[in-house]
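Across the two complexes that follow, subunit A remains constant while its partner is subunit B and subsequently subunit C.
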Partner chain A sequence: MGTPTLIATLDKVSYMYPRSPEPVLKDISLEIYKGEFLGVIGPTGAGKTTLCLTLNGIVPQFFGGRFFGHATVVGLDTLDHPISTLARHVGTVFEDPETQITATSVENEIAFALENLKVPREEIRARIPRVLEAVRLEGTEKKHPHELSGGQKQRLAIAAALALQPELLVLDEPTSQLDPVGAQEVFATVRELNRELGVTIVMASHAAEEMAEYADRLILLAHGALVKTGTPDELYNAVAYLEANDLRPPQVASTFSLINKAGRAVPKIPVRLEEGLQTLAAWRQKAQLHVQPPTAFPRPRIPSGEPLLSVKDLHHIYSNGTHALAGVSLDIHKGEYVLIIGQNGAGKSTLVKHFLRLLEPTQGRVLVGGVDTRTLTVGELAQRIGYVTQNPDNQIFNATVWDEVTFALKNLKYPREEVVARATESLEAMGLLAERDQHPLALPKGDRARVVIAAILAMRPEIIIFDEPTTGQDYRGAKYILEISRKLHASGKTVIVITHHLYLMPEYAERVIVMGKGTILLDAPIRQAYHEIELLNSTYLTPPQAVFLARALGDRHTYPLLTPREVAACVAGQPIEGEI
Partner chain B sequence: MSTLTLQTVERDSFFTHLDFRPKLFMMATITIVAFVWENPVMECLLTLAVMLACLAVGVKFSYIRKLVVIMLPFDILLIVTQGFFAEALIRSRTGQTALTPLFTFPAHWFWVGGASMSVEGVAYAMNVVFKTLTMTLVIPLGIFTTDVNTMIVGMVQARIPYKLAFIFSSTLRFFPLLFEEIQSIIEAQRLRGLAFETMGPVKRVRVYAKVAVPLILGAMVKSQMLEVVLQSKAFSGSPDRTYLHESRLGVGDYILFAFFALFFVAAIVAYFGWGIGRFGKPVFINWF
Partner chain C sequence: MTIPSGEERKVKFLGGAAIDGAPVAYIVVLAAVVAALCFIPFSVILALGGSFPIAQGIFPLVGWILGPIAGAIASGVGRLIGVFVAPHTAAVPAVSVWSAMVGSFSAGVMKSEGKRKSWWLPLTIFFILEFLLFVGRAIVQNGVSPRAAFAGSFLDWSGILLFALPTRTLAARWLRHKNIGVVAAGLFLGTWMIAGVTHLTAAMITYFMSNWPEDVWVMLIPIIPVENLFRCLVGTVIGSGVIAGLRAIGIVKPTEATY
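Moving on, here comes the complex of A and B:
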């Protein structure tokens, strides 16, 4: 093998945005080689986006600020060459599929950068079908980007970047806003470009399992500094180190690390599922796998009595003719923790919006506490059902945290003393009382979500719905919100969560509703639902790696394990507490 | 709650295939003529013609209705103010010394007693109502029937600076996103007990005012993100660039140009030469 060719270098790069009090990048030195797939990992605020923007010169040329050190791409110093020159060599794909597409047709989106670089019309026409083929979007030239799914939009963004024939393709969390199908499409496309066309990839992502699978090398950023570099095996092996940096290792690595800790020596911690399964198979072959069958799990609670929420033969057809719900019936009882999953367009959000009368049934009924929602206003329903959406910023519209939390209570004409008592109580519960006079939008994103939850809690609803609370959040942020949901559940609230991140939910949810094409495909306790792999795959969902490992444990039995801890305990011969 | 957003017509007609330049010319001509004319009957005919053209090319009737409904409060205000207070204006236009009363409030009524609404005032207000309606309807007629990319190429070829054309097209692209954001903010407010269903117009305006803060902040974040995206795509706003599409004028385009050039000349000559289109002229279509 010859010496790898350098494609980009960062030499002691430090950077401060114009008004930031401290450097966002600190003394980073890095070499990126031609044809490699370099993964950038780190918690929110670690400097991943800034690093990506340094590679195309936008940092510091567009933002200004103070830049130290040198960054070069294909030998061009990013300070000495205009962004438009660097754009010929560095293609960039951003996180939000909506904002980064600027044109109103697929072909125009691809052509835009080429037009700016004065590429002749005939050449542009020749490149469009080539790049669309590379991202498997052939035949969509004339489509409006609105007609594409989230994953297709991101692939279009990749195609537009590829059309420039860049030496380096930089992707900044391209899958964080996507459902599992979309994320799968994007990873598959990027891998193909890297392996088959030899495009050099730099990708920042929180998707640990996929990064372990596809990246050749990883760098770990923390507080703006490059703290670790290595292969996925080297980095994801260091499970304790990653967890200390608020990062989530792949579940297979966590599982074998726990097995190791429990006293069963694992010479090499596998970081890819296939390797984990092979290790288990090898142990079994050598008769070294002595599984302690799980004898005990809490028996799922069988709800009884009148349901708190009841949906009867619900249909919803949107004005454009989309049949979003087709005969959904279900009951949710007081005190349940329900997880609703399914790919985008499965009908999850449409369903929960009916609970609040934000949508009206085309056919069927929704009953809250036995009362038909058609007889209640949105405001009345909101007092019983709190709804937290994905983006807290769209739910904030007051000038102080206090005004935000008291907004609903004042609308609902509560006496002044009651308003003060309730608002104080919810702010205390969310740990935000000290911030009561601050502007909500001046708080960090996690705190803004808590402001919204506090405002909803002030109405003392019986049911709280979290709609995609973990999308766009890093591991720490996602866990933070889910811990709030756990506390609410423990205090007797009924909790409904919609999320694509199945690996986060075993510690929280009791019941899973799997939706597909506007219908309920499965309604079962989580230990059963997560092991219905074929059914989940049919709606493009993949269970967490721990489920696959659990299924590899038994010859004849399927153990209903869900988490790395449970699988590790089983393999290490330790009992799992509880009762079946 | 429904909102008015920009859209593209679904009907594939002769008009949708035309170049944007003759459409721009058409929009400019109709707007100028509507602005110059003051005769309510002629303004009404122009409005009807534009409205029929809109329907013919595929602009949805529900959209037109929504536009009319949105403008209705302003129109009513206009009719009331002009009906009661346009005396000096009418005198300057027609030289009339006395206006024709439509009705008069009884003299003993408090504050408004003796006030008279004039036929001429109402007629003048109707002229303004139709004028604004024509100017509003001509936008969907020209814009909704043109693909944004064709629009940019057409505008650039019409010597409109590329930067301006790009801002215009970006606005069209981001308009629906902005409306989605407004919807989701109002939805969030309803979820905090805001009874939008039973709210009066004044309170609604106050609610909309509250939407402005998160909306502007959101738009600022989005615009910075957009700018970063544009930079990464080598956008500089320079007209020195190539275009994927080219715009060539066809027979239909020349016919449209010729038709509206003739219409414009005829309208202006008739107006300044014989006073046709002035308030109260010609007498044979003077209905008051």
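Moving on, here comes the complex of A and C:
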């Protein structure tokens, strides 16, 4: 094996955005080698996005600010060469494909950047099928990008970046908005580009399981500094260290780390599911696997009485003919914590929008508290149902946090004292009272989500819907929001959560509704639903690694375990405590 | 602050899509906003059979955000699109586009700093000439009484005065103020003066086209200032939110921005 060739270098790079008092990148020195798959991990605010933007010159050329040190890509200093020149060598894919896609057809989208760089027409025509094949989107040339699924859109964004034939492809959280199978598709595509075409990959991601599987090397950023570099085995092995840095290791690593802690020696903590399953199989083969079957879990509460929310034979057909809901019926009772899951486009958001009358049924009825929503105004429903959308920025439009939280109350003509009391109470509950005079957009994304939740809490709704609340949040941010949902649930509210992050939910949800192609595929307690692997796969979902490990524990029995702690306790022969 | 160990580099924007220091993306967005606001009418122009668009309230804001040249382009492009997609608010299309460009350009030169600190002077002379042609034609050629002409052109000469006096730089300073209340005051004052000279630019041409009689001058005396108050209100409300938002998200500021 020859000496690896450098493709990019960072030498003592520090950077401050125009208004930031502290550097967001601090003295980073890093060498990126041709053909490697480099993963960038770190909690929110660690500087991952800024690092990605440094590699294509957008930082600092677009943002301004102060830049220290030297960054080079294919030998070009990123401060001495225009972004357009660097773009020929560095392709960039961002978190939300919607923000990158501008054209009205797949082929036009790919041609756009090439046309801007004056690539000859014949060459553009030749490149389009090549890149579509590389991302497995052949046959979609004439389609409108809106007709593609989330995973396909992200692959289109990758194809558009690839068409420039970059030596380096930088991807910033490219899978955070995708369902698990969409995310797998993107990771698999990126790995193929890396292995077969030799494209160097730099990817920032919170997806620990996938990073362990696909990356050659990882760097860990914390507070803008590069604190650790190593292979996925080296970094994800250090479970305690990662958790101290607000990072989530792959569940398989957590599980074996807990087993190790419980006294059963694990010589090498596996970081990939396959390795974990092999370890369990090897233990069994050597008769070293003595599973302590879990005692019976508490039976799920069977709700009774009149449902708070009732959906009867609901159909919804969008104006473009898409049949988004096809005969959905369900009842949700007061005080339930319901998780709705399903692939992108399964109809989850369409369903919950009917609860608020943001969409009208094409057929069927929705009843809230026994009253048909068609007889209620959106304003009346908003007082009973709070809806936290996926992107908090879409819900924020006032100039201060206080104005945002009091906006609806003032519009509903609540007395001034009541407005002040409710807003103060909900801001206190969200830990945002000190930020009341700040502009919401000046706050970090996690805090902006809390502003939206505070505004909703001030309305004191009976039902609160969180639509993909953990997208773009690191582990700590995601847990923070889910802890809020737990508190709301404990205070008697009915909570409905939509998410793709199944691994986060076992500690919170009681009931799972699995949707696919506009129908309900399964409505079951979480311990049952998560173990319906084939059914989940049919709607492009995959359960957390702990479920696969649990299923590998017994020859004949299937233990309904959901978390690394439960699996570890079972393997270590300890009673399961503190979960569910 | 942590002291970085690397050598500090000079940060510059190399090439790329920018006009006069304003990214083209900003120009496109603001042109789109102007075009969208052209759909909403707020007053009817007597005799010309069209209406004013609410977009007139943000021509100055566009200049303050993008600077004189990029601002004029954004407003001009937005208004040009508006002429076609919303003809009901464009009584005389060419005048609508021209005055939009003059409005944003004038707003953009208000801060009087750097190499462009004298740009306001020829502009002021240009406005004075426009005023002389406008009111002079009314009084000398069309026999409108001087009293009616001066009262009817109150907005126009108040705009010139505020633009020529230090009130121009005062408004620009207020626009840069930390306190959003002071910014709002700057928006109101600035919108009044810029809408005044913009109105003059449009009125001078349309008057040469239609030579409205003294009765109309008299009728316009109370209407024009009220209309302009509405423009100021639009500029202040939208401008306060936009400037507060731009500051909050820390997005890169165009080189010639005033806010």
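Here is the rule we go by: the second predicted complex is superposed on the first by the 570 of 580 C-alpha atoms of A that agree within 3 Å, B and C clash if a C-alpha of one lies under 4 Å from a C-alpha of the other, contacts with A are read in each partner's own complex, and residues count from 1 in each chain.
Criterion: a residue touches a chain if its C-beta (ideal position, glycine included) is under 8 Å from a C-beta of that chain, and two chains touch if they have at least 3 such contacts.
All figures in this text were calculated on a predicted structure; none of them were measured in a lab.
For A:11, select first, second, both or neither according to whether it touches subunit B, subunit C, the two together, or no partner.
second
Is A:356 in contact with subunit B, with subunit C, with both, or with neither (first, second, both, neither)?
Only subunit B; A:356 stays clear of subunit C.
Once chain A of both complexes is superposed, is A:79 in touch with subunit B (first), subunit C (second), both, or neither?
So A:79 only meets subunit C here.
Between subunit B and subunit C, which makes contact with more of the residues in subunit A?
B
Just subunit B (first), just subunit C (second), both, or neither: which does A:408 touch?
After superposing on A, A:408 lies in contact with subunit B but is clear of subunit C.
With the two structures laid over each other on chain A, which partner does A:441 touch: subunit B (first), subunit C (second), both, or neither?
The answer is both, since A:441 touches subunit B and subunit C.
After superposition on the shared chain, which partner residues are touched by A:19: those of subunit B (first), subunit C (second), both, or neither?
In the superposition, A:19 contacts subunit C only.
Scan A:104 for contacts with subunit B and subunit C and give back first, second, both or neither.
first
Going by the contact rule set out at the top, does A:62 touch subunit B (first), subunit C (second), both, or neither?
both
Overlap the subunit B and subunit C contact sets on subunit A and report the shared residues.
On subunit A, the residues that contact subunit B in one structure and subunit C in the other are 61-62, 83-84, 397, 399, 441.
Which stretch or stretches of subunit B touch subunit A in the complex?
Interface residues on the subunit B side: 147-149, 169-170, 172-173, 176-177, 181, 184-185, 187-198, 210-211, 213-214, 217-218, 222, 225-236, 238, 240-246.
Provide the residue numbers of subunit A that touch subunit B in the complex, in ascending order.
Going by the criterion above, the answer is residues 53, 56, 58, 61-62, 83-84, 87-88, 90, 92, 94, 96, 98-100, 102-105, 107-108, 111-121, 124-125, 146, 160, 356, 358, 377-379, 382-383, 386-387, 389, 391, 393-399, 407-409, 411-412, 441, 455-456, 459.
Which of the residues in subunit A come into contact with subunit C in the complex?
Per the stated touch rule, the residues are 11-14, 17-23, 26-27, 57, 60-70, 79-84, 397, 399, 438-442.
Where on subunit C does subunit A make contact in their complex?
Residue list for subunit C touching subunit A: 1-2, 4-16, 23, 180, 240-241, 244-245, 247-250, 252-253.
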